[in-house]
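In the two assemblies presented below, chain A is common to both, partnered first by chain B and then by chain C.
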Partner chain A sequence: MFRYYLKLGLLSLRRNPILSGLMVVAIATGIGACMTIVNIDYVMSGNPIPHRSELLYYVQLDNWDPNEAARGVNDPPPQVTYIDGTALIAAKNARRQVLSYPTTRIIQPEEDGQLPFLVDSRSTTADFFPMFDTPFLYGSGWDSTADDNHEYAVVINKEINERLFAGQDSVGRLILMNGDRYRISGVLDTWEPTPKFYDVNNRAFGKAEEVYFPFSVSIDKELTSEGNTNCWKAPAGNGFESFLTSECVWMQLWVELHNAGERQEYMAFLDAYVESQKLLGRFPRPVNNRLNDVMDWMQHEEVVEDDVQVLLGLAVLFLVVCLLNTIGLLLAKIMRRSGDISLRRALGASRKAIFSQYIVEAGIIGLAGGVLGIAMTWLGLQGIRGLYGDFDFITRLVTMDWVMIFVAIGLAILSALGAALYPTWRACGIQPASQLSTL
Partner chain B sequence: MELGPIWRALIRNKSSYILIALQIAATMALMVNAVSIIQERTRMMSRSSGTDEANIFQIYSMSFDPAQDYQAMVAADLDAIRGFPGVANAVVTNSLPLRQGGWSQDLKTEPGTDNEGSGVAIYFVDEHGVDTFGLNLVAGRNFEVTDVSWFDPDAGPRWPGLVIITEAMATELFPDARPADTVGKTAYIDNDIPVTIIGVLEKMQAPWKDWAGVERSMLVPMKRGDGFARYVIRAEPGYRDELIPQIEQMLAERDTGRVVDGAATMTEIRANAYLEDSAMIKLLVFIVSLLTAITSLGIVGLASFSVARRTKQIGTRRALGAPKAAILRYFMLENFLISSVGVVSGAVIAVGLNMWMVQRFNLTPISWYIIPVAMIALWLVGQCAVYGPARRASLVSPAIATRSV
Partner chain C sequence: MLTMQNVSMVYRTESVETHALRDFSLEVDEGEFVSVTGPSGSGKTTFLNIAGLLEEFTSGTYKLDGKDTNSLGDTERSRLRNEKIGFIFQSFNLIPELDIFDNVDVPLRYRGFNAAERKRRIDHVIDMVGLGSRKKHLPSQLSGGQQQRVAIARALAGEPRFLLADEPTGNLDSEMAESVMQLLEDINSKGTTIIMVTHEPNLAARAKRNIFVRDGRISTGEPELQVAVGG
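Now for the complex of A and B:
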């Protein structure tokens, strides 16, 4: 029977090719628009480090102005000061801890012919690599004794290794940066966490840094942050030393804690630390420390752009319009055949038979729309990429993974059924004799 | 006239018409909100930065040679750039409008820590700053050579005692005074360091386009930075594009202990700053056009069905003496009624949606006139869409009525 209905359905669709085409295209466009934005929203709000996101906590301390919160009603500043960052790192009260900030360096290739070039770098303590589980092509990160001894160690990424060493294993070799030689301890494989969770305050969808070197060396070189620096009161003096002891926040502190107990203990430790600092005349505000794991922190910092959410709302509305369009047309089409239907009913066809026949016809439209919709989603993502030019972050936002393809298929089926059910149900409601008299 | 019978016919067959009315309503809601966002973004993008955008570009120099005499290098660079044929003027500074990164701080009218200040964007410049950026000094005077100093990290003042501010900042600090009258007044930076306002600029935007205080800027006569110099250069009209590679090369050759990079025209900096907004505008225009197309095709489709289904009745009416125009009018009016239900409910949904978005995303509320304009637009779209099928209906021959199925 199904095959017969399929034949009937196709026949009926072919009778109005333009209209059938319109219905398919309407569903496809709706799904395409909706899925394009859903996909971008999904990537933006994705978990950049799924297997460790619940073990990593971002630390906020409230060292801000007694008269005014750093942000919002009572939100602590989004970064920490040098004094607090280094004190908490030195206490080693978590399983691991990392303190880092973005910098810029100039690499001076020592092969002849290559010109010096700028790289984005990150000044960080050693735990960065194991905590964030960065993939290594060769070697590994430096160990914490290198931090303590202010060693000139460096981790470079794949592209830099390609550029300087033609992709060979360069572990142990030296590179010249701003007049100093650093020993390569490891070469990172491709690593682009999206969003760049470990530093969302400085471009949440920016590229990961190309070069990493010890925090202690960076401080010796008196490097300030290439990202945001915020101060609620001016440093006591002009020099770098005064800046380090100031209340300016400019670095990010992450700690690794494995369970609720550890989290609680660490929170108690933070509170005690702030109380001890209060005795020294710092931290004029009430104790207000925060520990957020990766996903809570992404949510708190609202890394998903407002524009994307506005577009998401509009895209859903768009899909609704497209579905209404198709439902209206299908309904009109089916009602036009009221005569046929009531004749069939009068000749003994059950409601179930009528339902099956028309749900197959409507289903064909829905299915075709769904399949075409997935293609439209791909087109839509390409279009978005075109709009933003070749900015690197956009290429990461417009990739579609399997989850999204399944969501698209699901949405297509749901839309198709949604569009098909009402007209079919109405068809079943046609009384056997109602239309015969007009013939 | 015929509204009564048309309306009663609509009511009898209501579900398809309700669907199309709903579709028009949703289209209207989306259209109104999209247009409102487009308006808001266009308004933002059309703001002037106050600078001579067509002729300005930046280049930066980053030193890596620890032995270099940075201040001497900058002085010599500036002399060389200013003497370059085709260059109107040049300055070393920390940022420029629309760059999306810079320095801001609070200024206060009274010293102390308990009172609130107003944030202001800070541009460090020398006596060439005003001319290089192409700013319009409306009151007071520009900096003189003797006002400008190098920031000294070991000793010396953190802030020189003189500043030039924009009119918007002058009004922010002294709401009761005319901007020009704030020349000579004192403000406080870092809570208690006094600075005297010596000049007022008509306009110069802060580097952050989304900041509420984007019109509040301040020029400070100081050169800063150790190793990193951002040169802003104003070319004579028509020379900008050819100058960029020439100056890059000249700077790179003058001193090899550095990297010369970051060349960008003000036009590029603007495009970059508003990249998301212009993408949003294009996306919304696309969505609205597509949606209008789909809705009008839906109207065409539905009207065609309705005409086809009533072919016999139309033939009967024609046979009974109704002129073609009456048939045409019937379908046009029918569509007008459906559209009216659609646009009126659409207006309600649009306002509701907008209220939610204003609250959730800080958007600007819609301007009232968008609603009637959208209503008229959708009415017109409906009438155009239905015209084809309605005309076909009017061409149905009276003889059809006599034929049976």
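Now for the complex of A and C:
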């Protein structure tokens, strides 16, 4: 019977094209508005590294002002100092650990006719690549001995490799950055974690860096962060050395821990470390260390702004209004067909059969609304891109994947079925004898 | 086969009670051709609706093929309507967007027959009413008489025990009305019980039994006279 109901549903759409079209447009408009925001929320709040997000922990230590918390009531600062970052890395108490911060570099192509250009770079320790499971087109990251030996190693991304080496395997070749030659150890394949979970304090929806080079080299070069640097008291003196020994926080520390036991042990290690630092006159606040995995950390940092949640609520409300309109239109349509319903009842259709027929018809309308809604969502996203396209992070948010396409269609069908319940219930109540003279 | 005992039907609104049928009792045997006549508002159509399980009545008992219909739920009433009763309406009641084949197919769909069985039955009844060459026509492409023939084909497709006809020739000219009557007589001669409501005395007279309804009751007296009065 399902195919029969499908056929009747399609015939009904043809019989009342204007009314049917209005319903499809009403659903599509609601879906379009709703899915535009849902899509942005989905991209913003998605898990950027689902297979490892529960193994990776962000470290916070509370080295802040005794009289005032770094953030909120009692939140430790969102980054760590050089002293603490390097000390914890050196202790090697986690399976893997990454200390990094954002920098910029100037690449100086040695080919004739190519001008130097600025790139976003990241100074990092070697575990960055295996820990965050970065995909490589050629080669790999450098190893920890390169960190220890302050080697001029570098990993470049696909675009830089395309620009400098026409996309060929460039592993082992040299590039000139700020006057120093770095040997390429690997070329990253396309890798754009969204949000950029490993550094949500510095442009959470920005692009991943184009170039990566050893943290130790970066310190040798006295490079400070191109991201946020916060201090609760000024460094003791001028110069980079004073900055390194200051209480300023400017780098991110991640560790890899595989189970609750390891997490507990690492937490104890952090507490012991802070206690030892207290003996040196640091960490004036009570011990307040934090370990958050990827998703907890993004939630803690409110990577998805409250504004988006408010917009999401409004978009859902708009969908509800569209559905109320659809209910009215469906009711009008079904009441216009009361003669048909009455006749079918007289010819043997039970209430259940009538219910099934009109629910299937509503499903068809929902499907059509969903397909049109996807087009409207796309238009909505393009509109946002048009308005805010100057910001690269917006461009990265206004994409739509298959999951969202299926969600849009599913939501449209569910919405239409929901909207059809009352009109269909009314249809089932039509008595067989009531309308037979009006058909 | 059809037994009504003291069936009453009262339509109630806030201020008005209308007695459409009052203690209506009737027995119709298998193979009968019964005409029902009476003035407008006498309860003919209400009787037909109750007989066809299209309406529930207020009191009394109604047995169809020995089955008490009072206690039946919607699904069972629908099934009985579908399997045992065929309807012919004055205004044909064909579905305008379906072609002839699909219109006749409607009750068979609810019967649950497979496609081959449905096609066999539809072809048979459409040929029987003489419209074999017009299966793919829409109702709007047929004359009134042809549309009524389609309605008859639809009523017969499920091989019902009863045919309930409400003014089947009311919208037809005399020539078409005659051909429809001949078709009904032919169907009755093959064993199908027919109950026909009509205003036409000459058509009522062609039935084997005439019932005259007045004020919701069967009126007693000579059928010929009643038909004359009713017409």
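Convention: the second predicted complex is superposed on the first by the 369 of 439 C-alpha atoms of A that agree within 3 Å, B and C clash if a C-alpha of one lies under 4 Å from a C-alpha of the other, contacts with A are read in each partner's own complex, and residues count from 1 in each chain.
Simple rule for what comes next: contacts are C-beta pairs under 8 Å (C-beta built on N, C-alpha and C of every residue); 3 or more make two chains touch, one makes a residue touch a chain.
Because the structure is a prediction, the values reported are computed rather than measured.
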Contacts of A:Met1 with chain B and chain C, given as first, second, both or neither: second
Touched partner set for A:Gly179, first chain B, second chain C, both or neither: first
Which partner reaches more residues of chain A (counting touched residues only), chain B or chain C: B
Touching partner for A:Arg14 - first (chain B), second (chain C), both, neither: second
Touched partner set for A:Gln431, first chain B, second chain C, both or neither: second
Which superposed partner A:Leu347 touches (first chain B, second chain C, both, neither): second
Which superposed partner A:Gly72 touches (first chain B, second chain C, both, neither): neither
Overlapping contact positions on chain A, where the chain C interface meets the chain B interface: 339, 439
Touching residues (chain side chain C, partner chain A) in the complex: 49, 52-55, 74-75, 78-79, 81-83, 87, 89-91, 93, 95, 97-98, 106-107, 109-111, 154, 158
Interface residues, chain A side, partner chain B - complex: 19, 22, 26, 29, 33, 67-68, 104, 106, 108, 115-118, 177-179, 233-234, 238-240, 305-307, 309-311, 313-315, 317-318, 320-322, 324-325, 327-329, 331-333, 335-336, 339, 383-384, 387-389, 391, 426, 439
Partner chain C, residues of chain A touching it in the complex: 1, 4, 11, 14-15, 339-340, 343-353, 431-433, 436-437, 439
Chain A contact footprint on chain B (complex, rising order): 13, 15-16, 19-20, 22-23, 26-27, 29-30, 33-34, 37, 62, 64-66, 113-114, 116, 151-156, 158, 190-191, 259, 261, 275-276, 279-280, 282-284, 286-287, 290-291, 294-295, 297-298, 301-302, 304-306, 308-309, 353, 357, 360-363, 404-405
